[in-house]
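Worksheet: the structure to be examined is printed underneath.
To keep things simple, chains are lettered A, B, C and D as they appear, and every chain counts its residues starting from 1.
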Amino acid sequence: MYRETQIIETDNIAAAGADAAGAALVINVGPQHPATHGVLHLVITLEGETIKKIEPHLGYIHRSIEKMCESLSYRQFIYVTSRMDYLSAHINNHACALCIEKGLQLEIPGRAQVIRVLMDELTRIASHELWWGAMAMDLGAFTPFFYAFRERESINDIMEETCGARLTMNYMVPGGVMYDLHPNFQKRVKSFIQLFNSKIDEYDDLVTGNIIFQNRTKGVGVLSREDAISFGCTGPVGRASGVTCDIRKLYPYEVYDKVDFDEIIETAGDSYARYQVRLKELRQSVRIIEQLIDNIPEGDFQAKTKAVLKLPKGEFYSRVETARGEMGVYIVSEGGTTPYRIKFRSPGFSNLSALDHMSRGSKIGDLMAIMGTLDLVIPDIDR
Amino acid sequence: MFLKEYILNIYRAVASLLKGMKTTGRYFLRPREIITQQYPDNRAQMKLPERFRGEVVMSHDENNEHACTGCTACELACPNGTIKIITKFDVTPEGKKKKALDTFVYHLELCTMCNLCVEACPTSAIKMAQTFEHSVYDRSRLLKKLNQPGSKLRAGVE
Amino acid sequence: MTREAMKEHITRFLPDALFEESGEWLNVYVSASAWKGFAQWLRNEALQMDYLFCLTCVDWPPTAAAKTQAPPDTSGGGLLTMVYHFTSTVFRHTLVVKIKLNRNNPEIETVSDTWRTAEFHEREVFDLFGVRFLHHPDLRRLVLTDDFEGYPLRKDFEDPVNMIKL
Amino acid sequence: MLSLETITNSIQQWLYSTFNPTMALILECVIVMLLVIGLFAVLGLVLVLMERKVAARMQIRLGPNRVGPKGILQTAADTLKLMMKEGLTPNGADKFLFNLAPFMVMIAAMLILAPIAFAKGFQIWDINIGVLYVSAVSSMSVIGILMAGWASNNKYSLLGAMRSGAQIVSYELSAGLSIISIVVLTGSLQISAIIHSQQSGWWLFRGHIPAMIAFVIFIIAVTAETNRAPFDLAEAESELTAGFHTEYSGMKFALFFLAEYINIFIVCAIGATLFLGGWMPLHIGNWEGFNHIMDKIPSSLWFLGKTFLLIFLIMWFRWTFPRLRVDQLLSLEWKYLLPISMFNLLLITLIAIMGWHF
């Protein structure tokens, strides 16, 4: 891949008749940069304003969560995973809980399943809201950020009331959820949906329809279907390239097979398609919530579990759909109270690997549109 | 035809821009939509939900008695080594030696408010408080002793 | 494609492949020398495994390797097991491929030309486990600094400065 | 009625009666200099505060509200902070050019102030090629920006400066063409003559649709020329961190910052002068009573009101639109604005020759 770049370089240099040092301009974007939303470090080789190569340097926020989890018990390690993709903290926890339950062959009460799905979808909305604002900010429009946060704040309030925290909720325990829903939960979710439905059209007015925005994103960072599969791109990035990769549809968990929602597929594969997929997913998430909010079954919110959990010897893998794509948890158990080896397949890691491929030949301004619509969360990539 | 397309393009572009300006302009004219909360001026009105996890506290009743038996379940449940329980041996009236809590050490600087200790506690001795303003000038002040001086185990708690 | 059909296809291509069926998905053990050809066959032929969704490695130091049943350790020096999770976006079947490597000299052919996502994942495994991927286009440390010593995700890694034992 | 014209005239008379003419001229220059510097300081503070308040209202926030009543002293406090800060010069920078650049930008901004008429008879220099002078001097600020970008020895700065160069060179054209369309209608380059020609109505309305098109193009072009969003590519913060002034700190940064706002004020003042009649009150045809009431409002208020209206418009753009990409910025100019304004100029010339305007 990099050898290939060098060939391009020599070709261009030969054509331009310039010397090697003068032709390429190498700039460092990050680790502290307004557009990388975290400590991502990109070494970009430019020719004028055209990107010739992007080399991501990772590890600025690597905490070795996988190693850390090897010394934590099955109850304890769930909370650490909130710190990976902090915007879909609840969904990460869900993946871990599912994997443990697979190992223990636990049956989850119906009420807990519905609560989990409701929380997942609320988290997804909150995550997409933040993405929408931050993406618009990358493209130079500041105001959408505040509108997005207005709606996101009401989700955070709901989370705070029921789960006890706003961002890293830690509401998930093996076998169910930590507490029952707060009595106000249904009322507040309904009022949130009302607010959301009244405001979402504003998003279209302000950003989607805007001619500058469309010009900035259409045809930018095109990822073909084959490349998306080959790079392992999932979530909105994969679906914008026409890959059916919604785990909620393909391998339904909890009650996703009982609710009615659409998997959003776009075929263009450019930044605008990725934008459209996320914006439409917001509406689908609201649809799921609307179906479930009045149909929460009565019963336990937690299955009975032993105080000390021990997974049988073997390997367990669970997959869930986070706001960014497919999240996998791979546990190798040796029968003890702690996992022998744990691997988190994070969606951002694979999506980032396609960045270089997508942005070659684009302008440096396009890079922000591409990174914005990839929706990278750096702790998710570094783990 | 080219000219018509050209002018239509311009018209559509301008219309989309005006639509956006209408949205921001509307908010400009409606100051009551402002959502800013003026913390810390609104401390008095601010009400945190009862489940909010701010820090771990140990509840004491009016006789300065708590419910902690020093069983170290919370210490074992904590993923970060936040809690350290120092036990001592009390002598019961019958003359038997009994393990009891001496000091409940709580490292707030290590705590991630995951609530696992509260869930693990068999006697509901500890709970989460809603305080959240934990900034101090010295890190050592985050090391807290949760049981009050002179407190003892409530009678009847095993 | 059913498990049996997959097994049949694989056995036809690779007669000495070992299967393990206890888990959720079909696991197949192949040897490191056969891996390159097998990978290309997986991707392009009957099984159409075009989506590599997880690539990782598990460390079995001599003590652990002796106890466990899954990877029989023949060399005695411990094992590193490469684990590849594949799905076919055409047939929607899943396959887990495992390759046992010598822990003291782990070397395997890269598959980054077949599945491009492997490039980053292999760099991560190289970084944290020290597996050398032959013919990888750019095998450098990914998350750690270039002069870092040791492979942190191996079981015997000790870092007295930064690791806090609970 | 107390008007600015009588004050300036009386000061001038007093000066010339007290001192000899050379001395009086020198004193006048000093007074003007002090006034301009004072105006700069006040305008900078007011405009920055206005921008922040406008932004806050559009973003459903409160904006600065801690320093002084309703936060009106916030910008003064910021200025104080910037003055206290150390002005760093990076290693490897071309020290002379690096330190010169902010002053270049500032001086260019100060120079354009000369022919602007703030009120009736309140003008520093009513040069007979006023409009030409403005468009000539305003392109000088790009030299300062290029200097800053090159001398910083920073790749981001260099990229920002290059963008700025390309941008200003191209947008000068359509800004110039829309200015010329008013010159064609007026037949004069002198600012006072242009204002006087709008006594019976502003050119924006009198020139039919072509004048409105010229106005829109003018606003777009000057937004680009002052490096304001959505054309703020030179300092595109999500791409180039801060563009050409990445390496500047303290008062040198403040000078760039101030110059940006002064430039906005100036281009809006010119826009108000050319299209909205400068200090000329709003007159509608033969509504005598209405026109009389309008005349009662001081001319300086008319001027400032129109200018701030345009400034608000430009701020409104900034807080609504995403940024353009550098190639789109240029294609907007060369494919849309330039052909349209050329065609528009033809139409306006036709209107002027045939006398079709009101």
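Following the convention adopted for this analysis, a contact is a pair of C-beta atoms (placed from the backbone, for glycine too) under 8 Å apart; a residue touches a chain by one contact, two chains touch by 3 or more.
Quick caveat: nothing in here was measured; it's all calculated off a predicted structure.
Chemist: Give the chains in contact with both subunit A and subunit D, ordered by label.
Modeler: B
Chemist: Considering B-D alongside A-C, which chain pair is linked by more C-beta pairs in contact?
Modeler: Greater number of contacting C-beta pairs: A-C.
Chemist: Counting only C-alpha atoms to place each centre, which chain is farthest from subunit C?
Modeler: Between subunit C and the rest, the longest centre separation is with D.
Chemist: How many angstrom lie between the centres of subunit A and subunit B, each centre taken as the mean Cα position?
Modeler: Between these chains, centre-to-centre, one finds 25 Å.
Chemist: Just how far, in Å, is the C-alpha centre of subunit D from the one of subunit B?
Modeler: Roughly 51 Å separates the two chain centres.
Chemist: Between subunit B and subunit C, what's the gap in Å when you average each chain's C-alpha atoms?
Modeler: 42
Chemist: Any chance you could list the residues of subunit C touching two or more other chains?
Modeler: 166
Chemist: Two-or-more-chain contact residues of subunit D, please, as numbers and ranges.
Modeler: Correct list: 58-61, 319-321.
Chemist: Name the residues of subunit B that each touch 2 or more other chains.
Modeler: Where subunit B meets two or more other chains at a single residue, that happens at 17, 20, 23-24, 35.
Chemist: Write out the stretch or stretches of subunit A touching subunit B in their complex.
Modeler: 72, 75-77, 79-80, 143, 150, 153, 160-165, 168, 170, 173, 178-179, 182, 202, 205-207, 209-212, 214
Chemist: In the complex of these two chains, what residues of subunit A are touching subunit D?
Modeler: Residues 25, 27, 33-35, 49, 136-143, 145-147, 150, 206-207, 210, 212-213, 215-216, 363-368 of subunit A touch subunit D in their complex.
Chemist: In the complex formed with subunit B, which residues of subunit D make contact?
Modeler: Residues 54, 57-62, 316-317, 319-321, 336, 340.
Chemist: So in the complex, the part of subunit C that touches subunit A is made up of which residues?
Modeler: 22-25, 27, 50-54, 56, 58-59, 64, 67-69, 83, 85, 89, 92, 112, 115-117, 119-121, 124, 137-138, 142-145, 152-153, 157, 165-166
Chemist: What residues on subunit B touch subunit D, complex-wise?
Modeler: Touch residues, subunit B against subunit D: 10, 17, 20-21, 23-25, 27-28, 31, 33-36, 38.
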